[in-house]
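Heads up, there are several structures right after this.
What follows is a pair of complexes built around chain A, which joins chain B in one and chain C in the other.
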Partner chain A sequence: MMDRPLKSRETIAWGFAGLGCFLGVWTLLTVSGLVPRQFLPTPLDVVARIIELLTTPFAGATLPQHLASSFGRYIVGVSLAALVGIPTGLLMGWFRLLDDILAPIFEALRFIAPIAWVPFAALWFGTGIGGPVMIIFAGAFPPCLINAYRGARFVDPRLIEASRMLGTSHLRTIVEILLPASVPSIVAGLRVAAGLGWQSLVGAELIVAATGVGFMMVQAQANVSTPTVMAGMIAIGAAGMLIDVLLRQGEALILRRRGLGP
Partner chain B sequence: MGSIRFDNVSKVFGRNSAGIKALDDINLEIAEKEFVAIVGPSGCGKTTCLRIVAGFEQPTSGTVSVSGKVVTEPGPERAVVFQHFALFPWKTVRQNLDLGLRNKKLAKPQRDDLIAGALRLMNLESHADAFPHQLSGGMQQRVAIARAYVLDPEVLLMDEPFGALDAQTRVAMQEELVRLTRVNPRTVLFITHSVEEAVYLADRVVIMTRRPGRIKEVLDIKSKRNAENWNLFQKIEDVMDQESFIHLRTHVWRSLREEKPDTTT
Partner chain C sequence: MTRWRQTGIGLATFALLVGLWFALTAWSGIISAGRFPSPTDFWSAFVQINTRGYAGGQLAAHAFHSVVLVVMGFAVAVATGVPLGLWMGWSRRAEAAINPVFLLIRPIPPLAWIPLAILWLGLGDAAKIMVIWFAAFVPSVINTFSGVRSIERPLLEAAIMLGTPRWRFVAEVLAPAAAPMIFTGLRLSLQAAWTTLVAAELVGALLGLGFILNVAQQDIYPAMILVGMLSVGVLGFATTWLLGAVERRALVWNVAGSER
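Up next is the complex of A and B:
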């Protein structure tokens, strides 16, 4: 129930309270022996392990190195998805014929889970950078395309008429009218794409990679090192949150420049 | 250059059998540099007339031609000023004006000159680098008018351009438009539902009937205005005080009154 708006300081305080409770329950469950440590490591074990992994290699690299290698693939995959998905979405939103041709193919493809591409990804692009990148692409592409498409379709028709009246070419209308008008929708799509891409990446690394946080976790599983698995999960969650915060900042900046934000 | 001609123009929205007839056999000739205002009850199709000239709509039958060429699509020689301004929010005032000039493939120095001229004309020089949302409604509409003028169009199409402004801004803009069309005369097709605005601004006022829109009456204002020397008055209220103005205004009102209110919608 949203009875009154909370001040941002209060919001942060409650956020920390929630986190504290979560950690408290976790500690209680593990320290009391209710759950065997082998099944669920204590928070302290995990923190210690994270600190250790900062300098000590596991599965061929330290945690920062694994993260860096994951990030490399991630950036490539999401960038490719955005570079292909956003223009395609805008073009489909502008040219009816292209929409009619591509929509059925796309609608069928987007229901295939990114992980389902693993066999082909490994076959076509190997386990280096190519295979995981293709999986990330499969995860991040649909929201990029869909949101660019929606943005283009829902541009204020009066702006389109103004653009046509000024004698603007198709290409220029797409670049200078549809694209900026769709930016809020596209950024929202990028946030979804960033989340799905990150999830797909770790999924992909569990299967088709020789480095990365996902790979580190599989190796840890083989060694029954639950703190390492948990360290990997926390790294993934924290990195994902960081990506989202950055994108949200970008979104707010764009809206403020348009006079739409707070 | 700059004449507008409606030849037997009819417009039906929707499928022909079940469609709504918006315009019925419109015939009208607007001479070069003439200012014509169309008034009529709401839903009479006056905006549709303008949208056909702009090329946003196609007539169901008949043709509209501008400077002798049949209109088939929008183009910069028929510049439109929209009721809700339709400025690009992500472009500055200068960039809004520049788009049409870039489309004409003019060189940068020439574009800068033209933009500077249009900004001066509309008293917008100090706002060249502002974004539309930083400007008041009246200012935004000045930008929209400047954006249309800078194209050096053959005809200027204004679709209730002051309808979204408050009363005082509206009066200021009306006076401004009179000044503008004297300094820089254009063929203007002006749509409004304000009788005073039409009589004050136009050379001729076209009165339309309720749907399906037909031309009911065309009223010559210009000869009266010249005979009575309205031009001597700077302020709109002084013009509106003239007996000749009141007489014309009352005439238009009576004519519109005869169109019974639409009870079907």
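Up next is the complex of A and C:
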């Protein structure tokens, strides 16, 4: 009854069996006519549609162009979140008064889903680049702030005492002690922020944008083009995974440089 | 002493913010009423939606509709996700077979399912429940799975050696031992459920908090947008608090662990 760990050959075999079942049931549902092909295209239909979208425009642009405009917004939004969130977090970790003032505000804002900012984002910054960027910011900001804050709070007190004793100024203490010491925590926060930002981007594009993969999917939904919707989902998933892999590599590299990683 | 200081500063901050809000909108007009509502606008919008209603119903009706959808989607996700996680945690074969499918589907953000859900099920409640289910399902499965995997081996071996029947083994050993992690998963699931519901209602709905936001956005009615946003926040807080209360009740032995 107790399960032993599987051999790698068995793991692969079971994995393929699982994937085969998934894709097989999906294909069968459509081919048997149980579900109309218009609503559930076969996996092959979706792959064909992705290849087609690489060159044929849909909703005003090809899939790579939509992805490019999504990425543009995404990078601006996440960078802004990091540029504002990390320094604020470090300052909150250093100055107790600032912490006591800002913490309750962020604590209260936490319960408003980032996506609920959409109407104000559209009203304040329009639907071009500003509105979606604000939503991405709203999604990516909290982890940047929280992790910089935690990193700064858990710095080895001896380091801080030494710097205080030597009469280092506040600014230099933050930049030269708190910041470097919190890098592992900050990098971990950035990875979470990147994921949440990507999620918010999709939401923002579904509602307020006029380009981007999310917009393409909404248009496809309005035109009842299920293969295009699924192509968009796969593109979003793949791009999100790529971002995560890259950031994991970066994180491992930074940790290794500091002698913390394996 | 520090507690008092923190509470005091927190209250002072909020008082100051409300003062600033009055000063910037109503008194000086630095922020125009078309961009952000003044407190009086906010109040009249709040009164309006509670008496005459807005976007097809009163605030209570919208809120009730949203809460019901979240609870239903969340319940379906938990009822499917936790057993699947338990199974994957227990059986290496199940893990090996299901994991690749999971890896394929997991990178797709829950919000990206919204257009497909609308295509399949229309703008009604069924599409929302489907999207919430997808959103809340993944954290439930993953945390339950890691909860089971982190159970100490001797505990499982002892239960097996004593010949515990299978269903009692699952109900009385696996599930309780994995419970702290399961609850962590449920908290994440609940958050995901709210985010997804608001997004889905913003994309298309006939009633609900997201729909208030949607209509208010089209009417360019900032005060009502604020009412909708605050309602989302308050309900999100209330449901999270409720789940925390359930957790404290269910995991009395784990008080130290659940206190963060």
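Everything below uses one rule, namely that the second predicted complex is superposed on the first by the 226 of 262 C-alpha atoms of A that agree within 3 Å, B and C clash if a C-alpha of one lies under 4 Å from a C-alpha of the other, contacts with A are read in each partner's own complex, and residues count from 1 in each chain.
What we mean here is this: contacts are C-beta pairs under 8 Å (C-beta built on N, C-alpha and C of every residue); 3 or more make two chains touch, one makes a residue touch a chain.
Values in this document were obtained by computation on a predicted structure and should not be read as measured data.
Of the two partner chains placed by the overlay, only chain B lies in contact with A:S169; chain C stays clear of it. After overlaying the two complexes on the shared chain, residue contacts for A:G126 are found with neither chain B nor chain C. In the overlay built on the shared chain, the residue A:P104 is in contact with chain C alone; chain B does not reach it. Contact with neither chain B nor chain C is seen for A:G24 once the two complexes are overlaid on the shared chain. Judged by the touch definition given at the top, the superposed model places A:G232 against chain C, while chain B stays out of reach.
Of the two partner chains, neither chain B nor chain C is touched by A:P64. Considering which of chain B and chain C touches more of chain A, the answer is C.
By the touch criterion stated above, chain B contacts chain A in their complex at residues 54-56, 73-76, 78-80, 82, 84, 86-91, 99-100, 102-104, 131, 133-134, 147, 151. Chain C makes touch with chain A in their complex at residues 5-6, 9-10, 13-14, 17, 35-36, 90-93, 96-101, 104-105, 107-116, 118-120, 156-157, 160, 191, 194-195, 198-199, 202-203, 210, 213-214, 216-217, 220, 222, 225, 228-230, 232-234, 236-237, 240. Residues 1-6, 10-11, 13-19, 21-22, 39, 97, 100-105, 108-109, 111-120, 122-124, 198-199, 202-203, 206-207, 214, 217-218, 220-221, 224, 226, 229-230, 232-234, 236-238, 240-241, 244 of chain A are the ones touching chain C in the complex. Interface of chain A with chain B (complex): residues 156, 158-159, 161-169, 172, 176-177, 180-181, 183, 257-259.
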